[in-house]
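Pasting the structures here.
In the two complexes below, subunit A is the common chain; its partner is subunit B in one and subunit C in the other.
Up next is the complex of A and B:
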């Protein structure tokens, strides 16, 4: 109910500011009706205002940029989580329904419960963000509302629909079992459709600010809202955020499962939360695998839109942030793999392929180092001075990309291999063709890695615009291996006998810390990349169209930026820990007291 | 409870590690402040002028033109290279000197696209370089002159541009930040207020006959305006020419010279008066 109240407030604020721009236009002086500028009169829409520091209200010693930054970041964390979870909850519910296995249903229910707890915080943080924007950046807010007014209204309506769907989906869970299940699943589908529509709409504001469309060079809006929404970066950002939200949702509920696992008292509880953690980790990893490719696509679109913005992103000051990104992604991959390796302990006896783990670990570490290397190789003091200190000489726009691409593809393959080994250790091949198929898989892996590495090396010998295209065959190779292996594995698994039972719950505590690592690293990484995405606009509110005239228009140092990211992450984790704690209250009856709280297959 | 504390402590530690790495693992560069318009005035000595050009170049162009990472061609040999460029069959501009080539490259980058540097997929017909007088770079004409002087000087060519003496030639673009100001009482006053007469011969405004002004003669506009752009009436054409000079360029005149910010500085009533006056002689 609190969410509803906040939402209503939001609608009111939007209406007030969209309808009467007078509310916010006051600082730039007495713009009486008669003095409408000529361009405005000609097209019916004002261009982007030219703002100066007095146009930005200040409140005491408050740093406006930091306030809006943290508010937006918190809202995005919650929103990503709340939008990501229902996607895989629906999938899990569906699996449980098709297989008539109530344990899946229970797990899905428990996942959505956490997301319910976070929902009102999403609305609250969104309200705070809008309020902060109106109060601290009225000029920008008025300009954006002038263009996106109708979209914002639709957004507010959809938010109400989202609230209704989520409440009905959650509270109707127990009532809509059995014959009513298909109805419930449809409801979940509706929830996800509305949620995705919400995300896509709000993305358009962000991409408009990066790559404005539907306005002319002076920011005069031609009146076509759709043109403003469907800018050049809109679709790539939609895809990227859609995937990232799923991965993020998985990582956070994984932390929840780990938290409950550690607190669990009975073997039944332990088994349940172990299985939950395993599933969440799987969701996070599966959604993570295509994410780098979505990222490359977005980068390519940024280059196509503006080479200058692309170079600022990959070759200017911001290039250093990608070194931090490499550390974060390396952490995520290592933690996820570590968790999978620990998972081998759930099987009886030792797996025949356990010895491979140390080699996989080695490959991961090498890839990680490759990714990470350029910064230790380059940048002597003289080079720094020669370039005025701001630009990175060797991290050319894509010079590093060849190596990075290669490393990330191999890392993804190694992670997939770990997962595959875990699944394969549960079955014993009984027919001779299975051994041949396995050898074929091995050959496939080798050929794929050779191809990826070769393409990576080749990338150093061709011009940049050819090089950027090389990531496509690399990605295609990786995806092909994954698809082929999944198909072959399924064929083998369905025709062979099961030799190992999975003992859910037989998992060391340190594996749970791997899940926490995943959640923390994901959150921090999201904060970092969000900062990069929005700060490559540099001193523009709306790139090339509306300058940031405030005192804060400069790019902060990396240290300063990351401390804000850290602060936002901390606040978010505190709040989400509170949500975990809340959703832990008054339950306990949900976990079956029987010995088997989780199914035998992952 | 200890569970919560331990988990919280672990999270804080991990965040601390990430933060520490960002502080100590990579250099703490101080990014450049947002660009402020360089003051290029007619009173400058030529050395100062070239130095101002170097500063503008460092902030606006080096990002791409440093010769690193295949971003953009280096410009140090441009003094000789430009001839090959304009002789190339792919050349679509009309520069006849180094100065003109540089100006054209900055304002119409796609007039010639250096091989291998075009936008991906455009087959080197479209330049990825942003126009220097607009968008993210948005240099003023004076700044563009200064950059040309700097490039000529570093390439070892003769510097052929000089700071524009503001009032004398009148080509200097009126300050972009000028405010809307008092409403002009009539059309002629409005034309004077916006200094149209610095660049145009205008009806009813005596200018020394035969003086060469940088903009087209507008005294016959009443007869010609309706036929300048197919499908556009006289009044629309004049409105368009004033508000968006870049959209319609008169043949034989330099594009980008006429100020593009009249839309922001002119009152709707003033625009109305000017259009009435130029189109109908009222």
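Up next is the complex of A and C:
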């Protein structure tokens, strides 16, 4: 099955890079009448073909755009998941190996098992995507292969390497224990390197379509593949996707753990899957925290690349989708926090810090509301009249970037604080310096929030380009707090007695639904943002270089777009449920001796 | 009297409702006297939805608290001695639900909300009288010579008060004499949300081509902004742009190198 899909991919790519010229024949024939530019003659690369509707084969009543859209979306969901999981699996395996704790090893193995199940679907959906592109958008595909042929070939080869690594890594797990463990970890490292290389390569053509580089204004390729790959948006997208994939992988395996937790019958199983869910949630959150900043960076690069594209993104019709985005991100933060709050139930007695939760909840609410408040308010005529204009004196300022940055930083700190409280609840300070250190931490938090808010307010009094720069010290403040607190906590935890055991498994079922929510919200969000990213090209296949000449060269309505995104999300979730079910089938080695009451090792 | 646990979340949400519906407009009225800046219904709904959710989640996160709330609810919906109150509460909820449904579907004369983008995407390039301008590279040429800066700003000020102030106001705050007659209203240049976050090339395009030059996608724009390239020269447009930024103390957005 997998091998088949890979073969198909390889054959298609070879066919396209070799036969690209032949496929592109009809449109370039039409262009022959035009004068051939000097560059064109010199390098022997034709410019971007000018396509017309007849250049797009149609099959029955199929809407080509929707077909490619859904295929690409499904492939991306699976690919993101399959590439994200091995990253933290390796980390968990490594921790287990260093601490000689077989429970980590078992958990890592189980995580990778889920991603194994999804791997064949990744390959299949990738094959379908390439097939759909070749069949429905031959002109575009040929143009892209004309430039990226070598990259695509490398991609196909790396895909084979990825398959080999993943199989060896997964099936060699039990065989490569003990002395052979370092070898296995190296294998995992190789798997991740190949996986990341795959992602980075496929990003290159996606960003080329948004911000073409290495070609001239008419799309004539100068022959330097690296110039085409390393476009202005390539690095930001690489960073963004790398982080997002980890978060996404965490969210999906979290849903798996929740599913198993609910289905579990013995306390041992419950404990195991509770711990797994907790870990997955932690992975998702840790990777989520830097994501908003990666997003801002990418937005800034888009704006810098093209003012038109930047404004289309933030100011035009897509601005309404960003409201949905804000709601989904709010949902993610909330679900993750709710799960952490519920986690306090695992501790003996009531935690001394539990009373803080309601203030954290309050801070989260305020931050969300600021975060949601859109730049352009949707108002009825009567509301506009009551306001005396389109500008709202209270909410208007909240719509700007300074307010959003401030809100998101404080939101991240609040989420981190919840996590920290849970960890700190398990230890009692035994020495006086610990109390002092804790007071210092509190002071640090207060100073950090004051600094972030002050920078946010200050942002209103400086020019836009300086204001954007202010987000850097804000983020730095947040990260500094997190790092310092982790270090201090580590120092305290290692030198004090544990007063609480963690009772893994003592978790209400309703908390598991938070994990499901996380997975659904992440999937939806990815689909939505992916749509926006690729739609800001508007009527271009390759922005400013190759026009979309098909009948679909228009921006769909918000309703249509969100329906397609939602349908893809639903299909993916059903498929992943199927994968979960499959992973559960061969589960012979039941987790009998799970950690019912384990020392604190979150 | 101790407020029952199950009531407290409801009270918190009610308080939030009061703040959103009355508190924010009241603060707004202080900031902008003579208006009552309501939170737009679309936004208020999202606000309250999330507040209610957080309150609910907070209540459900703690095992003890949740147990107590459930106990109270069980008592309320089961015990005989509160039968009358229960019936009244259920009736009130049903009636309120009915009213909300009625209110949502009843015919009204109000125009539906407008999905209007304040700053539509500019074209990549445009041309006036045969001269093409590439917006991605266009810069204000008058900024190069620092020695003439003051003269240009002065010239821009004169142009502004001869042409623009009727609409955009003598304080550049969008409150010119004609402002109330237009929908959309003339832009308020002092607001951080307008020229402060745009590049000068964007302003050049907007001023030169005016309302009719706005992209086809968002039609109808109904913008009364005139097509200024018919009345002003290219240099004059750049001068008035210098004046807009200089007078308001804003700086245009620039491309990072």
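Rule of thumb we're sticking to: the second predicted complex is superposed on the first by the 528 of 602 C-alpha atoms of A that agree within 3 Å, B and C clash if a C-alpha of one lies under 4 Å from a C-alpha of the other, contacts with A are read in each partner's own complex, and residues count from 1 in each chain.
Simple rule for what comes next: a contact is a pair of C-beta atoms (placed from the backbone, for glycine too) under 8 Å apart; a residue touches a chain by one contact, two chains touch by 3 or more.
Nothing here was measured: the structure is a model prediction, and the numbers come from that model.
When the two structures are aligned on the shared chain, A:540 is found in touch with subunit B, with no touch to subunit C.
Of the two partner chains, subunit C is the only one touched by A:361; subunit B is not.
Legend: residue contacts after superposition of the two complexes on their common chain; A:341 is shown touching subunit C, with no touch to subunit B. Shared-chain residue A:327: touches subunit B and subunit C both.
Contacts of A:581 after superposition: subunit B is touched, whereas subunit C is not reached.
With both structures placed on the common chain, the touch criterion links A:439 to neither subunit B nor subunit C. When both complexes are overlaid on chain A, the residue A:180 reaches neither subunit B nor subunit C. When the two structures are aligned on the shared chain, A:311 is found in touch with subunit B and with subunit C.
Using the contact criterion defined above for the overlaid structures, shared-chain residue A:50 touches subunit B, although it does not reach subunit C. Residue overlap on subunit A between its contacts with subunit B in one complex and with subunit C in the other: 304, 306-309, 311-312, 315-317, 320, 323, 327, 375, 379, 384, 387-391, 393-397, 399, 463-465, 544, 555. Residue ranges of subunit A in contact with subunit B, taken from their complex: 34-42, 47, 50, 216-218, 220, 259, 262-263, 303-304, 306-309, 311-312, 315-317, 320, 323-324, 327-328, 375, 379, 384, 387-391, 393-399, 463-465, 468-469, 513, 516-517, 520-521, 524, 538-540, 543-544, 547-548, 553-559, 561-563, 566, 569-570, 573-574, 577, 581. Put simply, subunit B touches subunit A in their complex at residues 3-4, 7-8, 10-12, 14-16, 18-19, 21-23, 25-35, 58, 62-64, 66, 68-71, 116, 119-120, 128-130, 134-138, 177, 180, 239, 242-244, 260-271. By the touch criterion stated above, subunit C contacts subunit A in their complex at residues 24, 27-28, 31-32, 34-43, 46-47, 50-51, 53-55, 57-58, 60-64, 66, 110-124, 135-136, 174, 183-185, 188, 191-193, 196-197, 199, 201-202, 217-218, 250-256.
The touching residues of subunit A, when paired with subunit C in their complex, are 300, 304, 306-309, 311-312, 315-317, 319-320, 323, 327, 330, 334, 337-338, 341-342, 344-345, 350, 354, 357-358, 361, 364-365, 368-369, 372-384, 386-397, 399-400, 460, 463-466, 508, 510, 544, 555.
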